[in-house]
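Note that the chains are named A, B, C and D in the order they appear, and that numbering of residues resets to 1 at the start of each chain.
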Amino acid sequence: MSPLFLVQIERLICENYRMTNTLRVGIVGASGYAGGELLRLFSSHPGAEVVRIAGESKAGGTIGSVFPHLRHSLTFEKVSEKPFWTDVDAVFFALPAGQSFDLVRRYRESGVPVFDLGPDYRLKTPELYRKVYGMDHGDPKGLEEAVYGLPEWAGDRLVTAPVVACPGCFPTGALMGLLPFFREELVVEGSAVIDGKSGISGAGRGLSLETHFPEIAEGMAAYKVLEHRHIPEMEQCLAPFGAGEVTFVPHLVPMSRGILSTLYMTLRKSATQEEMESTVDRCYEGSPFVRRVGAPPNPLHVRGTNEVLLHVRTRGRRLVVVTAIDNLVRGAGGQGIQAMNRRFGLPETQGISGPALFP
Amino acid sequence: MSPLFLVQIERLICENYRMTNTLRVGIVGASGYAGGELLRLFSSHPGAEVVRIAGESKAGGTIGSVFPHLRHSLTFEKVSEKPFWTDVDAVFFALPAGQSFDLVRRYRESGVPVFDLGPDYRLKTPELYRKVYGMDHGDPKGLEEAVYGLPEWAGDRLVTAPVVACPGCFPTGALMGLLPFFREELVVEGSAVIDGKSGISGAGRGLSLETHFPEIAEGMAAYKVLEHRHIPEMEQCLAPFGAGEVTFVPHLVPMSRGILSTLYMTLRKSATQEEMESTVDRCYEGSPFVRRVGAPPNPLHVRGTNEVLLHVRTRGRRLVVVTAIDNLVRGAGGQGIQAMNRRFGLPETQGISGPALFP
Amino acid sequence: MSPLFLVQIERLICENYRMTNTLRVGIVGASGYAGGELLRLFSSHPGAEVVRIAGESKAGGTIGSVFPHLRHSLTFEKVSEKPFWTDVDAVFFALPAGQSFDLVRRYRESGVPVFDLGPDYRLKTPELYRKVYGMDHGDPKGLEEAVYGLPEWAGDRLVTAPVVACPGCFPTGALMGLLPFFREELVVEGSAVIDGKSGISGAGRGLSLETHFPEIAEGMAAYKVLEHRHIPEMEQCLAPFGAGEVTFVPHLVPMSRGILSTLYMTLRKSATQEEMESTVDRCYEGSPFVRRVGAPPNPLHVRGTNEVLLHVRTRGRRLVVVTAIDNLVRGAGGQGIQAMNRRFGLPETQGISGPALFP
Amino acid sequence: MSPLFLVQIERLICENYRMTNTLRVGIVGASGYAGGELLRLFSSHPGAEVVRIAGESKAGGTIGSVFPHLRHSLTFEKVSEKPFWTDVDAVFFALPAGQSFDLVRRYRESGVPVFDLGPDYRLKTPELYRKVYGMDHGDPKGLEEAVYGLPEWAGDRLVTAPVVACPGCFPTGALMGLLPFFREELVVEGSAVIDGKSGISGAGRGLSLETHFPEIAEGMAAYKVLEHRHIPEMEQCLAPFGAGEVTFVPHLVPMSRGILSTLYMTLRKSATQEEMESTVDRCYEGSPFVRRVGAPPNPLHVRGTNEVLLHVRTRGRRLVVVTAIDNLVRGAGGQGIQAMNRRFGLPETQGISGPALFP
């Protein structure tokens, strides 16, 4: 039995289809790990293609010269020259705080959807932004219209908002585990403790002594104890449910990828293990990327994927939820693509449905 | 611009196509890392589907229970019950030495192509097999008909042979770098030194003190110095070119995946760097998976892929080639799928063309 | 200037002294990582020497054959033959729960001090022991007389008790950070959350899939969420200060050694950073092994030492303490030796004062 | 039996002795990993004490602020101010090529022994130095008088030479395994292949993308293939035995410490395993730091020590020697201290005799 003929037909159809219908995507700030991961994911996305990239320090270089695992020859443009591309259907941003306002506004005004992996559109008010990032917000109108793009929680605005502010990696891991319980008003206000453990890629591709191999490879450390900039972002998302303040300590762990979040909550009243599990199951029923697991999850089991693993344990009024995600996929570009898929009517999992790389 | 309609049409076409034309694949010995990787790769192969699996120690369990990164609910059958499946188009084997003869013979006789990741069909004569593995070969006729499945070197027999004996991981990394130079008779007989460095998954999923995390994580070691069973396999492949004996020392390195092979040869006469590079380029022109790189390669840059990276340096009559592969893909099931694709007239890269996961 | 002559004199004095005055130590259960670490530490302890060892699975073997980093030729005796050595001044035990009762009783009755790294004498009542370990306690009198040997908190009974029950590794890291604040009644009852991160050696030298290199090297995981046997031990130590229940989740992190404990407490009323720091400083003033550090500590910075690093951060009524220890030294034999030193009037730091191995 | 009284007497004798007779040591270039390791080793050396340190980038800082694992409050002076200390008995240098000439000359002329961990005094002629390092040698007389300080091979000049040029880490691992066989004229000229694998600390504490955790942690790579600056150093040491050129490829392996060297030689005529082992045993008989082992060694088994482990395997005319050292001890300051001990008539192993830290 040779399926050769039909396969060839299929290829012709698909290739023809791709040429005429593929979404054209641009990425501003593509030279870091988040950008590289976007490029990796789009390279096997059947419905979209990256046609433009900008990365300040790598301007003039090709994808292949910046990322040794990618072969593409597309060339980096300069971010500082404010690339406003007229030949793209969607733009992803992955820039540090304060650098995206002008460009995002222009894309927004021209009707090109923006998916921002950076922090500029995550906080809801210019006042809070100024407090956290120490500078004025340069696009208050955009901020007002933006949606916080945690896909399972963003609702329909994910499809209509001109700017999707993709959550940071720590907030993603934490909120996915906290929200189901706060939403049902099961948790004591102010009791949430978030112990976050991130792989080193979460610190970016920039060099620092903290991420120099011999300084961290056989040890680990907390950092920015009680002071991390993701705290206001998390509190804001939990505020509608009366969650109060959260306690958050991030850690760097000697693995390249992944975030494990151990979430501690105090329940308003005792609950059974079954009740807590069904709270999660109810909440994420039908979500293609969320999976409750019976054993504590390992981020290695979702490496390279957009999945969220959740594990729940309760005892008396104590509740512990452990979540595992890939910080560079689910905690960055992966859920950006998930949002883009929904925005353009593509299947939600398209291009981000592959299984994890284990071991 | 909404491509929604066309996308939906495409999906319908593709789904319909898959249901009627997908290759049905069985895997005997699917519960180790090589088997898990086959399952991962097939899960996004558009032209093939795993429909049957057997794994002795995991019999009765599902894929999801054995491999925490996979969700599939297919159930393991018993290897010891000699599963002869009549509903498959191709069978992969991943069994230890001496355990596959009976079943392979039956599949072979029934015309179902066999892709064997184990060692039983790699050596060309029953005598050599007995010498290396200390037992009689149970299927000499199959051995005679089998092809050594290093895809770039196997020629057309890869398409016609009833049994494809996929090379071991170390031989793959070594032969891909040695063969171009021996083929052109550039290398002194007996001069090849192969220093192989393997990730720990190369030692399998079985437990041992050597692979217990604290014993290897912050160190490394050679093993089976000058005594590894892959030596005869490599010498056999190099013999047609008068290569003589090879010197091989394998090492375990504290990374999970990947093989880096540093290959030392003495040239018959001095050659320039350019000549050596063009020898490689000529040899692998048009090969979709082989890439010569200007900087020493890192297996991390091909993690999860079927690629082979080659780096060449010469000085006087010394020649050093460094190759990097993923031991579980290119060194196991990946090139098995590559062979299967060619056998069934599918595009050679189908299902194994995704980019590497880096970092 | 040649100090040669005096050096030689010194050596003669020291050698002569050692021969006649060195403490003679026996170790029951010396073949695991904790035992190996005791052997390493004693090998450079100027006032003590290991003269007897027992290790069931390694009986008949030498230290050098069991521990590749040690050269000693002392031979392992059988634990099952209940070695009651009459030629030792002190005995260390490192056995699993329930295996030490008979022998400890005999040593105790003969007046030889016992330093137990195992769990049998840590819990204060036979009832609690039965509840936690599922068996009857075989030496209630010994239990009554034993002291919980957290050296900075044990007081003078450390010097007089016939049995020193050395704390487990997680309790050591947690209690050292929690006790200063509970002692001063600054913390809300029941608010302590202990997020423990252990190197893999904490799981012992026995093989398991969880500690097989490829399963954990590039990821991490929680385990025994809310169910770890160290919880009662910690609650018991905190009970005198009205601490109530603690919430504890241990994790395995891909490093060989070290425990990082992130401790969360709710203060009864707001406190300043300075107040919290001085609470620690007051508490451990003069302790040779405890050091408060201004930046979050890394267990790598105490690798191989008996030190405890503490870092304190407060905000409002939230208090976070991060502690770092070496699980195999401070969390096992190291503080056993510290206790032994005090018991025998040796300098508290003798043999355990070397600096950390970094990087 | 309480040894308390005698212990106290001993302490008094020792303290008094140390105050009056300890060697006073200075270190120029103490802020990198080699310097930090010298500080660690000297901190428990009973016959020597570091009293002066210089480190350009850390000038003004204390040891404790630069090395988180050390507590000492000694302050770094500026290297650029050419610290010529008159209150030291010995000086260690750990500077990059070309920066030590002036100072070494002054110490040399004033009769203070110099132990140089840098490359400036390793090559025997100014011409070779210029060729390898691309600059003129600034102290030819010192070069002439210097001894290449591989302790087991340096002979009595180690005790009398004004400058001891401590070998680099790769040459140490390679030469210790090659020299016994070349000395006995057993090896074919030009046949030595050195495959070196170094922990990342070998690349220093300076930041680079190559040593950024995510770029190397789960992979590995060769570098400077056939071009490393240590090649001439090795060839020079082997030249007296007619060894000819060597082939050397260094690699970076994802561990912090250690060098594993796999050494391949072609024997002039076949030899037995026993003959090759006894060649090693004869050569290093009585050496306190060299140990031949029956199983392939792991650098983890000598972590933190000055030991050299050697493993030998032969087959026909092939000879493979695998050596394991700690790059920061045996490959740097450790053997510098070994040389210093011999220079000052101290026991050769003093301060560097502790066992390895494993796991």
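What we mean here is this: contacts are C-beta pairs under 8 Å (C-beta built on N, C-alpha and C of every residue); 3 or more make two chains touch, one makes a residue touch a chain.
As the structure is a computational prediction, the values presented were derived from the model and not from experiment.
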| item | value |
| --- | --- |
| Chains in simultaneous contact with chain C and chain D | A, B |
| A-C against B-C, pair bridged by the larger set of C-beta contacts | A-C |
| Chain of greatest Cα-centre distance to chain D | A |
| Between chain A and chain C, centroid-to-centroid distance (C-alpha), Å | 41 |
| Approximate Å spacing (C-alpha centroids) for the pair chain A, chain B | 34 |
| Inter-centroid spacing, chain C versus chain B (mean Cα positions, whole Å) | 47 |
| Where chain B touches two or more other chains at once, by residue number | 33, 201, 214, 216-218, 254-257, 297-298, 300-301, 303, 359 |
| Contacting residues of chain A [partner chain D, same complex] | 33, 199-201, 205, 207-209, 211-214, 216-218, 254-257 |
| Parts of chain D lying in touch with chain C, wherever the complex brings them together | 1-4, 6-7, 10-11, 13-14, 17, 21-23, 33, 36, 40, 43-44, 47, 67-71, 89, 201, 218, 256-257, 291, 293, 295, 297-298, 300-304, 344-347, 353-359 |
| Residues on chain C engaged by chain A in the complex (per definition of touch) | 193, 195, 197, 214-223, 225-227, 245, 247, 249, 251, 253-258, 260, 262, 264, 296-301, 303, 311, 313-316, 318, 320, 322, 359 |
